[in-house]
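Just dropping this structure here.
Chains here go by letter, A, B, C, D and E, matching the order in which they are written, and residues are numbered from 1 within each.
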Amino acid sequence: MDFRKRYYSKKNDKKKGIDPAFLLDAKFEAGNELVVLFGRSGSGKTTALQCISGLLEPNGGKIIVNGDIYFDCHKRIDLPVQQRSLGYVFQNYAIFPHMDVKKNIAYGLKGWKPEDKEKRVAEMLQMLQIEGLENNYPSQLSGGQKQRVALARALAPKPDILLLDEPFSALDMVVRMKLREKIKEIQRELGIPILFITHNHVEAFTIADKIIIFHDGRVQQTGTPEEVFYNPKNKHVAELVGLTNIFEDTVIEDKNEASGILKLKCGNLELYADIPDSKLKEKVTWGIRPENLRILPLDESEKNQDNTIPATVKSIVNKGASKVLALKIAEHRNLLIAELANQFFEDFDIKVGDECLVKIVKGKIVIF
Amino acid sequence: MDFRKRYYSKKNDKKKGIDPAFLLDAKFEAGNELVVLFGRSGSGKTTALQCISGLLEPNGGKIIVNGDIYFDCHKRIDLPVQQRSLGYVFQNYAIFPHMDVKKNIAYGLKGWKPEDKEKRVAEMLQMLQIEGLENNYPSQLSGGQKQRVALARALAPKPDILLLDEPFSALDMVVRMKLREKIKEIQRELGIPILFITHNHVEAFTIADKIIIFHDGRVQQTGTPEEVFYNPKNKHVAELVGLTNIFEDTVIEDKNEASGILKLKCGNLELYADIPDSKLKEKVTWGIRPENLRILPLDESEKNQDNTIPATVKSIVNKGASKVLALKIAEHRNLLIAELANQFFEDFDIKVGDECLVKIVKGKIVIF
Amino acid sequence: ADTNTAADMDTEKTEVTTITVSAAASLTEAFTELETAFEEENPDIDVNYNFAGSGTLRMQIEGGAPIDVFASASQNHMNILSDQSLIGEDSRKDFASNTVVLITPVDSELDITGPEDLTSENVGTVCIGNPETAPVGKYTVEALTEAGLWEELESKTLLAEDVKQVLVYVERGEVDAGFVYSTDAATSKPGTIEIKTTVPTVTPISYPIALLDASENKEAAQTFIDFVTSDKGRTILESYGFTA
Amino acid sequence: MLDQIGFPLVITLRIAVLSTFVVALTGIIISYILARRDFTGKWLADILVTLPLVLPPTVTGYLLVILLGKNGVLGNLLYNITGWTILFTWEAAVIAAFVVSLPLMVKTTTAAIESVDREYEYAAFTLGRKELETALFITLPLARKGILAGIVLSFARAVGEFGATLMVAGNIPGRTNTMSISIYSAFQAGNNELANMLVIILVIMSLLSMAITAKLVNSWKI
Amino acid sequence: MLDQIGFPLVITLRIAVLSTFVVALTGIIISYILARRDFTGKWLADILVTLPLVLPPTVTGYLLVILLGKNGVLGNLLYNITGWTILFTWEAAVIAAFVVSLPLMVKTTTAAIESVDREYEYAAFTLGRKELETALFITLPLARKGILAGIVLSFARAVGEFGATLMVAGNIPGRTNTMSISIYSAFQAGNNELANMLVIILVIMSLLSMAITAKLVNSWKI
């Protein structure tokens, strides 16, 4: 897949040669796997799905799914939506308001025998836990129920490719977990490509075979969840995957064994990091995930260890299973954010205002 | 607040005396604090907000906000929506399709001076990070952008009560985190009640002053996030707050110091737990959060400790910052789910199929 | 220049009375010319016409329309008003008459010279006015009945709501023959119809005119009626094909 | 008297129902195309369709006579092929009713279809449904309020149609005298009693038919 | 000739514009009430509004004459108060046009308003807007496609109106001879040249006006 789509804010802008308001330039591969499209709101994920589905005509490039050319700008191919055998869950569901749940779900089952239809609908109802609602009209459904009807409708005809635009956004965790499993199962069973948009980190990480990061209409990085989450390529990706501690510093020492030394800008602190290839005196952006920071008691013996710096606790927020600490480092403007399992606090009682040591684990530092 | 609302699947059902398809029976208090409504999809959260807003007329009960009677069945009071001074973010946004972003946001600013309006709109645009989109029409916005416009529109007039129906569901984590802070800030600044619906655990936990758990139209539990998440009152709440390990067993020994002993049903294992008041031979449902399970190496010396049982690892799923283990306990049908920070696995290498010990921390066991 | 000043002085002196005359549509052109002559003679009276089918005019009067004079194309409508005492009986006069003619399309291949030829099998549809709504139809039916042809012809007749409709059908060759007033035949598109013969009618076709009882300008209205029935008026009407 | 009422009633119903049926069908097709397609000359089509509305019915009738008469373009063709002249038959009245009520149907339905959110159509496309199926089962049912309004207006107009009908169908007692024409005749003849009776029957008939149509269209959820 | 065309053109435009304006206003109000309110006798209101459509215009005209004439209920009242008879004035033509085009406006607009998602109105309510404001700035703009269709239909109908107008306003040259009536007269008098000319002008005028209306209404986003 490699296509472009331009949006203009006014119709005439195109003719007038005004720059488009938004330009999507998407280039990625997706095999028969579950691909998560991940990106900021407004980065072009929905637009990408719409181009693939054929609901939007790209301005250029080509879209090939499993060898079938869906769209090719040069060969002037533009397969009609109907022939693409899609299952598409729209971000706003778009379930038919004049049909009840049953009819909505059965709508894609064209040419099926009535009893097969019946069976398939029942299967879907059960899978999505909306049994008992089959005769409700959309106006009689809750938000999450609507979303599940949209999912059921898209899944029912066993399509050749699934495009899911934030399909679980309105669902509670219990259904959501079950459905994540189901979607993975369906992917394995049917061996089809599934493109999945989500804003949920855990969802992206657990469900994806591959994650594609969008930013401002451009693909920034592609890779397995581990690659993308643990080794973001640039600042945008890093921010997106929750690598909250991002700094910019200068390399002050270059080691032979292909690792360098970074010096924190506003201080006299020196940090060691593994950098594949960096140049002396070069400015680099580096970061570390909050859960990769270690907190130690203010113990003089540890103080002089590599990458261990004193800090003051500015705030502690309980997230349920873990706590997030904001740490002020001496002479540094930005706060360091650390996340630690609640269990940790059982052994180590720390409160706002306390002083402690932060260890920035060398191997976990990411350089962009 | 204490009101009832019945939905009938057909109009005539009411007259015919058929049971309503759905009955909401909500009874809760909400002061000037941030209250999260938490519950399964279809449990009546949106319905509750709609009753409070006045868009639905409850079938009975009363709704009093800050001393103002919004609705009282007996006194026949039903304050018009317009006089309730609400900010309501609809689950499906409902932003006006024929107005651009600016006009949408300014729509509630009736009677403001033009320059004040202008200023407030600019403020909102900036706060919600949708600057540059002010002249776009809703059809030219992405899902998340629409949601932010809906939020901006509701917040702009500085209402006396905020009703937010999954206001962040379509937003990426970066904006979401900022907006969580903003909403808390607004609550503190204006000192108004905010009712907030979300399906996100972390969001509920971090943002809420108080959580109200809905299940099937009824309020199950009310309390601080800690109370609700760590001490769910019943199975429904437990499931909802992610207390995934739930079992039913019989109390086989009752200790004097007000704690009992539980015996796992299908095994010869004995577990100790703190139970406030339990009766011998009584069946109880108990559970433990996944992050409160400890995994230890299969070390004979530990084996005979209290609440420590051998188990086999069935699956390991990486969630990004932590891993979820499914553990098979000898002779027990259900799997135990444990969640451990990734950091833990650095010291302790465990793979699928490995045997290990699970420690069910006594103090963390919850009895319903 | 003299008359001008006289007229100017007149307008200053006497107030102009406006009268409304409802006249049958077939009188449109004749009455329009009549107005100029009349107003020249009576500068203190301004005539407004209201042209429509006689039936419509009658219904307007029944409904209480502010009309001063009614000039009908049929006695029937005048009679209906008379029965309701809506007209001034004394003022009722016949002021013009007309004749019914048999017309055919100009390219007609049928050999039609008179009404009796219409019974021939070759003749298809014959168009006549609806006797209930168009006076011409009533006269036609009477004439055909008198000639003993009506029973035979009735099945092939097509009723038109007014004379113009008959004319259109004949002009376009949609029917084989039709009966219209001679005055209407004169207005047809040149070279489209052929007048075969004048049909003798049982009752003479006379146009009655009368003052309306509800008129608030009876004097001026009577002046107008007098003018229409005067020699001057007659001459103008005759120039448009009406017979006196 | 029964005869004076019975026949006009039957023929009027027949003409109105048939013409409304045809108007609804063609109107929906034209409206769909106008609402969902872009083509050069769209404005022309729009104008042609609206035209019969601004012309006095008699003029429309006259134009139809010119078109359908023995010597008219269409009429001549028809005559040469079938030896049949449509003028002065009740079928001609159907055509007249069709022409005068089509604008009502098209304008109303086009607006209704344009107001249907295209998202639903797209959803149907992704479910493998062709445009025709989508139009039938998604677009039109969603536009049914407007379509119903169009049908009711067209039916009422067909029933009340008078000027153009008179011109093309004539008034052949026992063949083409519709209610409207009969009422007109009765009024013109000063037979107010009959006229009033006919008006009452016409009104009752129209209301009944409209109520039935409304029921039918509103239940159209397919 | 200019006089034979100029006056009818002006008077027709004046009548059509005025009546369309009044029809649009009252039609929108009636439609809003029909679409958004439940009351006993709603069906009756619905019927009364649709009625003028099924009656032949001449009959409608006749009923209006009876109502507005000196001896009519309204006409008598008016006469007693002002000493003025509305019959046979251009104002009467406005009333006739109003009556015959109101059903078109109401049916079309009611359908359009009913199709507007109430959610938007609710949103406006929560933002403190009264129902009237909401109707003006939310409901009606969202229904504007249907409203436009209604206005165009009403305007066209007012321009083309003939039967009822002739009945209540008469055909008084220089005072009430509208385009339609002039065309009819010219046609009756066999003055085909004038008739054709008038038809062409009528058509052009209507199309222009409709185009302008469409522009106006479509830009109505407030």
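General remarks:
Methods note: contacts are C-beta pairs under 8 Å (C-beta built on N, C-alpha and C of every residue); 3 or more make two chains touch, one makes a residue touch a chain.
Not measured: the values here are computed from a predicted model.
Common neighbours of subunit B and subunit D (chains touching each): A, E.
Listed by label, the chains touching subunit A and subunit B alike form an empty list. Comparing the chain pairs A-D and C-E, the larger number of C-beta pairs in contact belongs to C-E.
Note on chain placement: the centre of subunit B and the centre of subunit C lie 89 Å apart, centres being C-alpha means. Separation between the centroids of subunit A and subunit E, computed from CA atoms only, is 58 Å.
Mean C-alpha position of subunit C lies 35 Å from that of subunit D. Contacts with at least two other chains are made by residues 92 of subunit B.
For subunit E, residues touching at least two other chains, in rising order: 58, 62, 187. Contact of a single residue of subunit C with at least two other chains is seen at positions 56, 59. All chain pairs that count as touching, in label order, are A-B, A-D, B-E, C-D, C-E, D-E.
Every residue of subunit C that touches subunit E in the complex is listed here, in rising order: 20, 22, 25, 28-29, 32, 48-52, 56, 59-60, 62-67, 162, 164, 167, 184, 187-189, 214.
Of all residues in subunit D, only 117, 119-120, 122-130, 138, 141-142, 221-222 touch subunit A in the complex they form.
Listed in rising order, the residues of subunit D touching subunit C in the complex are 62, 65-66, 69-72, 85, 87-88, 166-167, 170-173, 181, 184-191.
Taken in their complex, subunit B has these residues touching subunit A: 7, 9, 21, 39-42, 46-47, 91-92, 135-136, 140-145, 148, 165-166, 169-176, 199-202, 205-206, 225-226, 229, 239-240, 242, 289-292, 294, 317-322, 339-344. Partner subunit E is touched in their complex by these residues of subunit D: 47, 50-51, 53-59, 62, 103-104, 107-108, 110-112, 114-115, 143, 145-146, 148-149, 152-153, 156-157, 159-163, 180-181, 183-184, 187, 195, 199, 202-203, 206-207, 210.
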